[in-house]
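By letter and in written order, the chains are A, B, C and D; residue numbering begins at 1 in each of them.
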Amino acid sequence: MTEYFAGVDIGSTMTKVVIMADAVVARVVGASGPEHRRLANRVMESALADAGLGFSDIAYVVATGYGRINVPFADRQITEISCHARGVASLVPAARTVIDIGGQDCKGIKLKDGRAVDFVMNDKCAAGTGRFLEVIAEALGLSLEEMGELSLQSQHDIEISNTCTVFAEQEVVAKLAEGVAVADLAVGVHKAIATRIHGMVRRLKVEREVVVTGGGALNTGLVRALETKLGLPLLVSPEPLLSGAIGAALLGKDTVRDAAEKGIPVTRSRQPLKEATFFS
Amino acid sequence: MSASDNDSSGYRPAVIGVDIGSSFSKAVVLSGGTIISWAILPSVGSYRAVADEVINQALARAGVAAEDIAGVSATGYGAASVASASQSSSDLSCQGRGIAYLFPSARTVVDIGAQFTRAFRLDGAGHVVAFVLSEKCAGGSGRLLAIIARVLQIDLDEMDRLARESKKKVDFTTSCAVFTESEVVSRIAEGESREDIAAGVYRALAAKAQSLVERLKFAPDCALAGGGAKNTSLVKSIEEGVGVDVLVPDEPQLVAALGAALMAEDKVAVGKSRS
Amino acid sequence: MKVEAGGMALVDKYCQDYGSRARELKGQGRKIIGGLCAYVPVEIITAAGFVPFRIKGSVSEPITRADVEMETIVCPLVRSCFDLAVKGRYEFLDGLVIPHACDSICRTYDVWKYTLGLPYSHFINMPHSDNDTSLEFYKTVLNTFRKSLGKFAGREISDDSLLQAIKQHNENRARVRQLAGLRRSDPPLISGEELARALIAIMSIPVEESISLLGDVIAEVKPRASATGVEKPRIMVVGAQLDDDTFIRLIEDSGAWVVADDLCPGTREFWPDADITADPIDGLAERYLQKIKCARTYREQKGTYPEYLEERFGHIGGFIRDFAVDGVILYIYKYCDPFGFEVPAVKSYIESLGTPVLYLEDEYSKSTIGRLRTRVQAFLELLGAK
Amino acid sequence: MTEEKKPEERKKRRTATEAAGRVGSMTKAMLANVPQAKGEGRPIAYSFICCCYDEIIRAMDITPHWVENYAGICGAKRDAQRFLERAEAENLSRSLCTYALCGLGFDAWREELGGEMPPDAPWGGQVKPDVMLGSGQMLCDPRNKWFQAAQHYMPDVPTYDLNLPWPPYEEDYDYREVQDDYVKYMVAQLRGLVEFLERHTNRKMDWDRLSELVDLTDRTWNLVHEAYELRRAVPTPMGTGDAMNTMVPLSFMMGTQQGYDFFKELYDELQQKIARKEGVIPDEKYRLLWGGGLPSWFALTDFNYFNSKGAVFPAETTYRMVEALYNFDIDFARITDPLEHIAWRWLKFWTCRYDKTRQRPGSHPDVERLIDYIEDYQIDGVVMHEAFSCRSWHVGLIWQLNLLKKIYRDIPSLVLESDIIDISSYNEADTRARIDAFIDTLEAVKSRAG
């Protein structure tokens, strides 16, 4: 009988669910609206429907991401650091450093033998996160994809001096109003974010291969800017959005396997697939 | 001295004041010291185009042709983009002037604009004699409200309405707008209601405003200006904090544009009395 | 927080309504002298017949009033303390004593003094170096304080009363050491959170009450069976001041024990005693300037650099061994100069002992809890995976 | 710290005096002298300003490398970011003193390159020193933590920490009751420094030479004081923008003949300008006091912007770390030990306004100093700069302003916010909008008064 494992990654901006056996059998990506966050069960249901499975077919569920505590039906919560590490290690075995650019934060993870051994996360300002990108894209009236592509056509360097997301947005708007080309602004923004990310991941002493994951990895302009900053070629995870969820599912699989090896039963939450309730 | 005093002929030249703010652009048409029309547009795209558009809208509503305008006075972040401007002044002076016109008794003014919150003191003649600004972090600005409204998936008016229904105190402890945003997200996840969250955000902003007023040394009466003043909940929080009732213009966002228009009128009057 | 009878119940009461005991005592005619930081020589205040009271901030309360007089570039803990003081939370204070600890404390002395306008205020101009000429000078500084406080008390502070106070405070510290020592066993007999709360509680009461309260807490905690439950990583927290239990609770809620610390309140302030010396000021001066190991004091470099590191951070290594620590969390506030500049050195020192380090820069605000939780949990996962 | 910048900006920045205009090349030469000295085997000391050891290192022929100066130059050239980022990568918080971060980032980088200068290091870079001379008391924490932190990258370079406390202003005792203790301690600390230097640099102190240099410094102090006092003239011949240049000889060349000569020339130039009624700007409308805060080195052109609005700065508290020695209530002639002389000079500099302060209830010496300058220089408004990364000079400014308005008068004021060298905290449009608004208030207050 095939064993299925689910990884549920409730990010700050996106909710991702994968169901895996040996390979991914179902994947669902949705937005993490403030209310949706409690509705992880719906996303799970839709993944199960895609896979043609019932919840009882799932051997183990691991929740990760910002909203991991709001997944009552998960058997275990594991941070996105460990999950991204596990996910990327399986997707790109040569990876030694992972840079995850998510919605509200950005992290660098150092890998050794497929395990996270050290990590850093951005602390202070929102600058250097996917949110920064979104805010600016919105100000420029572009989708994230468009902004990424447009930046590749830029002819001039523009410096965005403000690191604060909110003020950078205003700076961009003002520059736009002055008639600076959108493509140039996009590059400026990517450079600004890349600088922040670089400053942070440097604390880890970056080693090749370096894999970028998370929603930000979808942005070619940003990846290009980061490559320049780091002075190293970057690999983009084949599943930028799903690395965390895949890692979560794999860690679930590991848990079940370890338990079997030790001959002890797996502890499961035994919670039905329902929405999170809050004690307020 | 207002322009109409000088005008014995009965001819009342129209002037226009334009305030290109970082998030909204405003225009006010004035004739003989009376507001005859106004317009507000979001500042998106090129400032130049927005400036033209907001002027055109205001003129159209006033039924005045551009050629008949005796003076155009610009102010705000993008004042330089108002091509037709015949003069410009700092938005602080314009706001002072506008408030003095609306509320002659006002001595302390709190302006909650998109970029920052500031407080200033006026003398009897509408001159700004002292001012303080919020620290340079978006947490103290009106922009915070827009960001939070977005997270709550409601518009600003709705957020204002909801806050009035708040039953429970939810506090926000960070000063960063972006992190307040994520704090809001966590609070939603914890099950806090939108009402309480909205009220908490207004309280946080009101506290900033209050500390500015204190730094300035408060003198009655107190008036508000800027887009933030459109939120009755915020106004109420400020009143509670400062401990007095505040004067709020019907259209608080227009105050600087109005002041600019008044200054344009001054100039026209001076020009006329010279000729 | 579970409600327990006896000592811990009182601890909870004092933590919940911080300052309530001082307020009561004030009502009974005692004078309360507030202070910031572990460098306030509490013995002198006790000897003068006053109650030393450590001003505490609050991570759950937004800073709203402080900004009128104080810049936002000050250490957030100090800002929070000041904010509460301005809001009237410490209205029972008769005086204020501020030592020259760090820039955030030293540079705000006048802001505190002029804004609060208390009947008594004094700045203890403590030198930054620990060498002998500094020690001699520091004695004169302590004597100036002794004289000044005596003037406020209306009577000189005698050697006898000072010796008496030193003995009391030493006894108090011995009790804290005994209590904190209960964290040596595995699992510890007292959780990090409970200890943190006990230490917070005693910042707000007279020393004699603290001694008896700690006695009660020890009696209550000691008989706990050292149950062998799930194994959890044993964590040490190293940092500046931590006068709130939220962060410690967060670590323990994430599945670890906090078994050791280099913090104040914490081992930094309670491990070293003042020696009983012929001139009581001598023993006090040595305790504060030379024995308390805090980043604000410059240790004179005598030997090689590795020896120098041992001199500065050796005590941390000692705790790691003594309390069988698995991982260290280095917890530093934004705008904290003394500790901020030490991060690279202290981090690499601890790592050189083979102990993993998580470095966190925080803002003294509950709003960061979510961000911290992920980091702490990930760190614990890393430790678990080892 | 001066005005060498990107070429296009250099044009914009204009000094009022020729003396200030020369400072750029003086600074460059001063910096170039350090690697040269190192090449000749002379000892190099990482040094801080205002630490009272100028004459000591000069007398022992030890070459100072002024680390704050170097960071300021990186800032002025708008090239500090890469060093700040480097420091951040070392886990040093961006909220710490950015001078220190810039210096530490540089050191970390240079040591990683095996002692080679980082690429395109501004003005030749900063060399590895033989000793580092910190200061623990009371100026700031970074000055005693910075060099300890630098040892992480240069473990073989010893540090010394010099304590120079001055008595705080308190109502319940007079500083004279404790001043002897302070001086005794400072002398012991200075003596410790001399011993440290003798031990680590193989030099012997030449005490006669030290006495001569102490005397030279005394004369320089008086001269600087007198030159700066000339700026009381209306129109003022020199503004704070220039003073941010003349701080170089004032802070980095104290105890040298070159420093003295510079101020002699400045003095003469100012006198001539006054005679010609030549001001910083022809039509001086507002006289402002730079009432606190280090400048943003990358934005010194803001001073020109003020000028363009008719505003000048005849005085500033920043870097004015001298007073006329003949006004101190002490007879220096009876002090024979040069170290004791240095200690008294320092103590009196900080305490000289205490007596006056007592006469105005609720006052404070820092505020008395503001009042003195406001009156002496006929000031219309006060401008302060709050640099986020330095607590030492920037905490207490708001309170000082509040107190000034309370006990003196409600003078217009402006607080600018940015940093000394971290340009990411700066927003030109916003800064200029604030300046514009401030000018409006000055105008309003003036027209109301007049």
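Definition applied: contacts are C-beta pairs under 8 Å (C-beta built on N, C-alpha and C of every residue); 3 or more make two chains touch, one makes a residue touch a chain.
Predicted, not measured: the structure shown is a model, and the values here were computed from it.
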Legend entry - Two chains sharing the most contacts, counting C-beta pairs only: C-D
Legend entry - Relative to subunit C, chain with the most remote C-alpha centre: B
Inset, instruction - Express in whole angstrom the distance between the two chain centres, defined as the mean CA positions of subunit A and subunit B. - result: 40
Inset, instruction - Could you put a whole-Å number on the gap between the CA centroids of subunit A and subunit D? - result: 47
Legend entry - Residues of subunit B engaged with two or more neighbouring chains: 77, 115, 135-137, 179, 182, 215
Inset, instruction - Would you pick out the residues of subunit A that each touch at least 2 other chains? - result: 124, 167, 174
Legend entry - Numbers and ranges of subunit C residues touching at least 2 other chains: 68, 334, 361, 370
Inset, instruction - Pick one for the touching-chains graph, please: line, ring, star, complete, other. - result: complete
Legend entry - subunit B to subunit D touching residues, read off their complex: 77, 89-93, 115, 120, 123, 125, 127-133, 135-136, 215, 217
Legend entry - Contact set on subunit C toward subunit A in their complex: 334, 356, 360-361, 370-371, 374-375, 377-378, 381-382, 385
Inset, instruction - Would you mind writing out the residues of subunit C in touch with subunit D in their complex? - result: 68-71, 73-74, 100, 102-104, 106-111, 114-115, 121-123, 125, 127-129, 131, 133-134, 136-137, 140-141, 144, 147-148, 151-152, 295-296, 298, 300-301, 304-306, 308, 332, 334-335, 337-338, 340-345, 347-348, 359, 361
Legend entry - Footprint of subunit C on subunit B - complex, ascending: 135, 137, 171-175, 179-180, 182-183, 186, 204, 207-208, 210-211, 214-215
Legend entry - In the complex, subunit C residues that touch subunit B: 59-65, 67-68, 72, 363, 365-368, 370
